[in-house]
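Worksheet: one structure, shown below.
Labels for the chains are A, B, C and D, by order of writing; each one numbers its residues from 1.
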Amino acid sequence: MIIVMKGGIPKEHVHNVIRTIEELGYQSHVIWGTQRTVIGAVGDERGKARLHSLEVMPGVESVVPILQPFKLASREFKSVSSVVRVGNAEFGGGRLAIIAGPCSVESEDMVMQLALLAKEAGASVLRGGAFKPRTSPYAFQGMGMEGLRLLAAARDATGLAVVTEVLKPEDVDAIAEYADMLQVGARNMQNFALLKRVGEVGKPVLLKRGMASTIQEFLMAAEYILSEGNYNVVLCERGIRTFETATRFTLDLNAVPVLKKHTHLPVIVDPSHGTGHWEYVSPMAKAGIACGADGLMIEVHMRPEIAVSDGIQSLKPEVFRQLMQELAPFAQAAGRSL
Amino acid sequence: MIIVMKGGIPKEHVHNVIRTIEELGYQSHVIWGTQRTVIGAVGDERGKARLHSLEVMPGVESVVPILQPFKLASREFKSVSSVVRVGNAEFGGGRLAIIAGPCSVESEDMVMQLALLAKEAGASVLRGGAFKPRTSPYAFQGMGMEGLRLLAAARDATGLAVVTEVLKPEDVDAIAEYADMLQVGARNMQNFALLKRVGEVGKPVLLKRGMASTIQEFLMAAEYILSEGNYNVVLCERGIRTFETATRFTLDLNAVPVLKKHTHLPVIVDPSHGTGHWEYVSPMAKAGIACGADGLMIEVHMRPEIAVSDGIQSLKPEVFRQLMQELAPFAQAAGRSL
Amino acid sequence: MIIVMKGGIPKEHVHNVIRTIEELGYQSHVIWGTQRTVIGAVGDERGKARLHSLEVMPGVESVVPILQPFKLASREFKSVSSVVRVGNAEFGGGRLAIIAGPCSVESEDMVMQLALLAKEAGASVLRGGAFKPRTSPYAFQGMGMEGLRLLAAARDATGLAVVTEVLKPEDVDAIAEYADMLQVGARNMQNFALLKRVGEVGKPVLLKRGMASTIQEFLMAAEYILSEGNYNVVLCERGIRTFETATRFTLDLNAVPVLKKHTHLPVIVDPSHGTGHWEYVSPMAKAGIACGADGLMIEVHMRPEIAVSDGIQSLKPEVFRQLMQELAPFAQAAGRSL
Amino acid sequence: MIIVMKGGIPKEHVHNVIRTIEELGYQSHVIWGTQRTVIGAVGDERGKARLHSLEVMPGVESVVPILQPFKLASREFKSVSSVVRVGNAEFGGGRLAIIAGPCSVESEDMVMQLALLAKEAGASVLRGGAFKPRTSPYAFQGMGMEGLRLLAAARDATGLAVVTEVLKPEDVDAIAEYADMLQVGARNMQNFALLKRVGEVGKPVLLKRGMASTIQEFLMAAEYILSEGNYNVVLCERGIRTFETATRFTLDLNAVPVLKKHTHLPVIVDPSHGTGHWEYVSPMAKAGIACGADGLMIEVHMRPEIAVSDGIQSLKPEVFRQLMQELAPFAQAAGRSL
């Protein structure tokens, strides 16, 4: 339910409405506007009709139900696109946010080299997995805390912000100390305990779409984070499971305009995981920008042929540099800059 | 099997090889080159080893197997991208080929109006269904021959080439009289009798990907047409079936770079059928061009709200005009023109 | 629209209603009942409201719309399950109909041997492809008319009915001379020209589900055949395309109870194509019977290891015999016999 | 790697091999046999070749690589089917294990009534969600610990074992105090932190297949649990995501014979979630048993129309009783008892 307040009213009216919402057992989320203020009341769907009675309170203009099952994430609740700031990067603003880096952190040298490369080529965020979700228990599981320290050192050296994946609720605090942005991976998109935990922490969250998740389920997962009070959520399309085997997943770019229509949250695209082959990364990166994405997440490796994970989908330095140059006119055509 | 001939040899050597290939029970397909000539020998896969003995014939440089199951469609057979000419349009050249028009031909007025609109906005081919494949036997099945005549009249008035769908082998000749390009629809992608028939006729063919067809099956379907001697085949990605219901199909743009890697045939994208919603057509059209497509197929209707079929995915005239304007910088970024 | 006639009325009333339906531009389909007669009026969905006026005609009890998009195939139109007779086999009756035989007819010996095996093991219909739909134009395309003659000879020797696939409208008559049942394959499920043609011929039709077709589209394809006046349609679930690669397709047994709920037409299951591996055929055949299928279609080959097509999914004679024995108690548990 | 020991050797030989395996940095898993003992060595795949040198140790017969990526779960490692005991129930033995109960625990009365019903009808395990994974943060999230106590009380009253879902690693210990079997749900199938945690606890685990997980990934998830030393894992097929919308998911019964071929672990089927409609539960339950499942998981509710979750897929008491009666002959046909 959205409670739209009248313009030019005393703040007290707003606070009274908030108090009443909470007395009725709902959470309130306020967007203070210069013209008018809007309050979202979210909670158990049953018995929501009671909130309509707020309409008689002083300063209330109207009480409107949000028809979508996602509430705080919807454009109904907030029509203006959100901008999420992470270090010097802005997701959802005029300048595209480019995340680049290795699949896994492997050593100090490699992280530092790749961070310098990413910085120089124009990226604004460094990615790198320290805790890795691996299909096999016998595969390399990441460098852990040591990997986080290497990422932080690379940030200090380059000024890039750092994003890294968090796999379980109890790791969130420790990782949040090192990282500027917490990634929730595709396999954890409906790990609701983890979503709530990253919602409680203030840090920006990069939420990847589950490989069999509908766009509506994707937005409901974001809603878990928002409903805990953390609005700094960036959505990332990274490929869905289909019958096609020529690509590792089917990068679903259609999700970009569909998401843009229904949510105010920024949307980026990961063509590295989405296609699973380095040769398809550049064309799909350009296509992602062309259909309206706010940024990209790209895997880069100095020597993909010896990467401990996902080498086949990583770009070599020179290919990444070339992609960044070729992207510029597409960004411009889309009304953005790089 | 590809037989690569030496440079600067007499034509007779080539003819001798062709004769021998045919004596061995295979079909031959020749690409006469200025530097060197190449002959493809296709037919029953069993016993192909015999063709290796051609290596002893005068003028033969080498005999190389084509590893892909598609032969004449593969880049192994022909490394240079093919250009298919239809009227004034070129598929696969520097200028993008834009096909526009209504889902179904409904009346003389509507076809003429839309043809003028398409022409004026910069399209080079007019689409329009006269024979419609409909899921229900009780749905409108198209205007038939009368529809073809209206399309031909619109061509005469505007100079646009005409593409229309053919549903059964016995209609091919009649439709080929009116149309410049024959469309084989997604539901008929593995209608092998129809593929052979359009392969026998010289007319260019627009082959749409089946909604559950892998990219390899798509190329094998093209191979049916090529193996009958018709090399004027344009491939069209138009969406596959997945679990996602926010879009009618999942337009699989990944298919564009995958196809471009494996085949020399031109590739276009149909965002109208692929997404099923007019709002998503423009962003996905731009994305299609950005990832390397040679053209687009777009449904346009003067009044989508009263269209007899697929109104919801058709662009209004002003939206189509705006798309064409916005496409230009993306075309340029992709090294093409509109 | 269904026109339900009153009980005990003169036949003339029925004929008058039929005549009026046809004057209004619709086709009529009559089910003469001992209690009451029912008339289906099918045709262009637009303007169907006019048919309501039939309610004032003598002998008419009520005029009821059929809510499903499939009309003649629906249980709304005919609540009692249909039985389709093919030779001595009955699809939809108390005895399960088992179709067995090779993927492709390869020689006189092989067909005769397999027919005798099928007969002896308890099958009632012989399958065998004479015209084969092949993904590659260079693959074996079937023995053609000669194959049909071998099938007919096997029928004469064993008394088994014969089912074989028809690929194009112009072959229907010739194949109908030899076969007792015409198969429309998965790739042709929406080849509407072919559906109409087999609808015009009186022969029973085995309609296989398209590999990306929804159950509703499957029933709409059957409707094409029924609306031409041929009610002898048997539906066959044969696997759909999914992301899983452990089986060739995903045999969707859920389709059996779903179809049984919505249509009166018989439903069988093809675990050979559905799984693509001989080891999974027997368990899935039993499961098919357990969830309510009216029969099975099983590929059998004397020496699967040398089959020209689909050897890996064919049962050896002894495995087929064992399956037939093991099936008996499952048939009984399902209230059927073998 | 599997180390096969010679027959009739002193135990010390086995212990020496185990010690060496662990010195080399691998974990050892022993199956003590009456004829011969077998040791699995699992760990980082890289450098596994070193383990071949164990062949020279006293008592070692051979060192054999396990070709499948899942090791301890594979039939290569253990060819005899495993039996997992939970209370009086046996998964994988001659008697089928039937799990029944509500989707969510809603009240003391409802749990007790359903437990008595389940017991009386022949089920051996009671299901019931206390902690619920819900797509929406605003939906009922379960009764929590109070729900666990109600389940435990129902167990005490009926003798049924209790299975309930665990959502996060930190809840595992508390839930393990009340439940006899821990369920890892489909959305958590690749929540590796949770898999490891339930692997450390001795309790039997019911692992549900992820809705977009391949069968191989399913077995790799089981391997996570086994590699922590917990061999009491039961696999549950519960439907995958496909394009078909007539059922909520596509219950993939093909997974049953495929799993049975590749793993020694027991396999059960959940037709309630798999189909999402109560009408399809009984036919698919029978089909599950027919294709070789070791048991079933069925949702039952006294009044499905007022259930707080998943009412549409729950069986009413009388329908569940009828299913159990009708199942008996299918169980018998499959060589099992109820």
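What to note about this one:
One rule holds for everything that comes next: contacts are C-beta pairs under 8 Å (C-beta built on N, C-alpha and C of every residue); 3 or more make two chains touch, one makes a residue touch a chain.
Every value quoted in this text rests on a predicted model; they were computed, and no experiment measured them.
Set side by side, the interfaces A-B and B-D show unequal numbers of C-beta pairs in contact, with more at A-B.
Note that among the pairs B-C, A-C or C-D, B-C reproduces the A-D interface, with over half of its contact pairs the same by residue number. The geometric centre of chain A is 38 Å away from that of chain B, both derived from CA atoms. Here the spacing of chain B and chain C, counted between their Cα centres, is 34 Å.
Look at where the CA atoms of chain B average out and do the same for chain D: the two points lie 49 Å apart. Among all residues of chain D, those that touch two or more other chains are 212, 240-243, 245. The touching residues of chain D, when paired with chain C in their complex, are 212, 214-216, 240, 242-247, 250-258, 260-261, 274-275, 279-280, 283-284, 286-292, 326, 329-330, 332-334. Looking at the complex, you find that chain C touches chain B at residues 42-45, 69, 71, 133-140, 167-170, 187-188, 190-194, 196, 210-212, 217, 220, 223-224, 227, 240-241. The touching residues of chain B, counted against chain D in their complex, run 241-243, 245.
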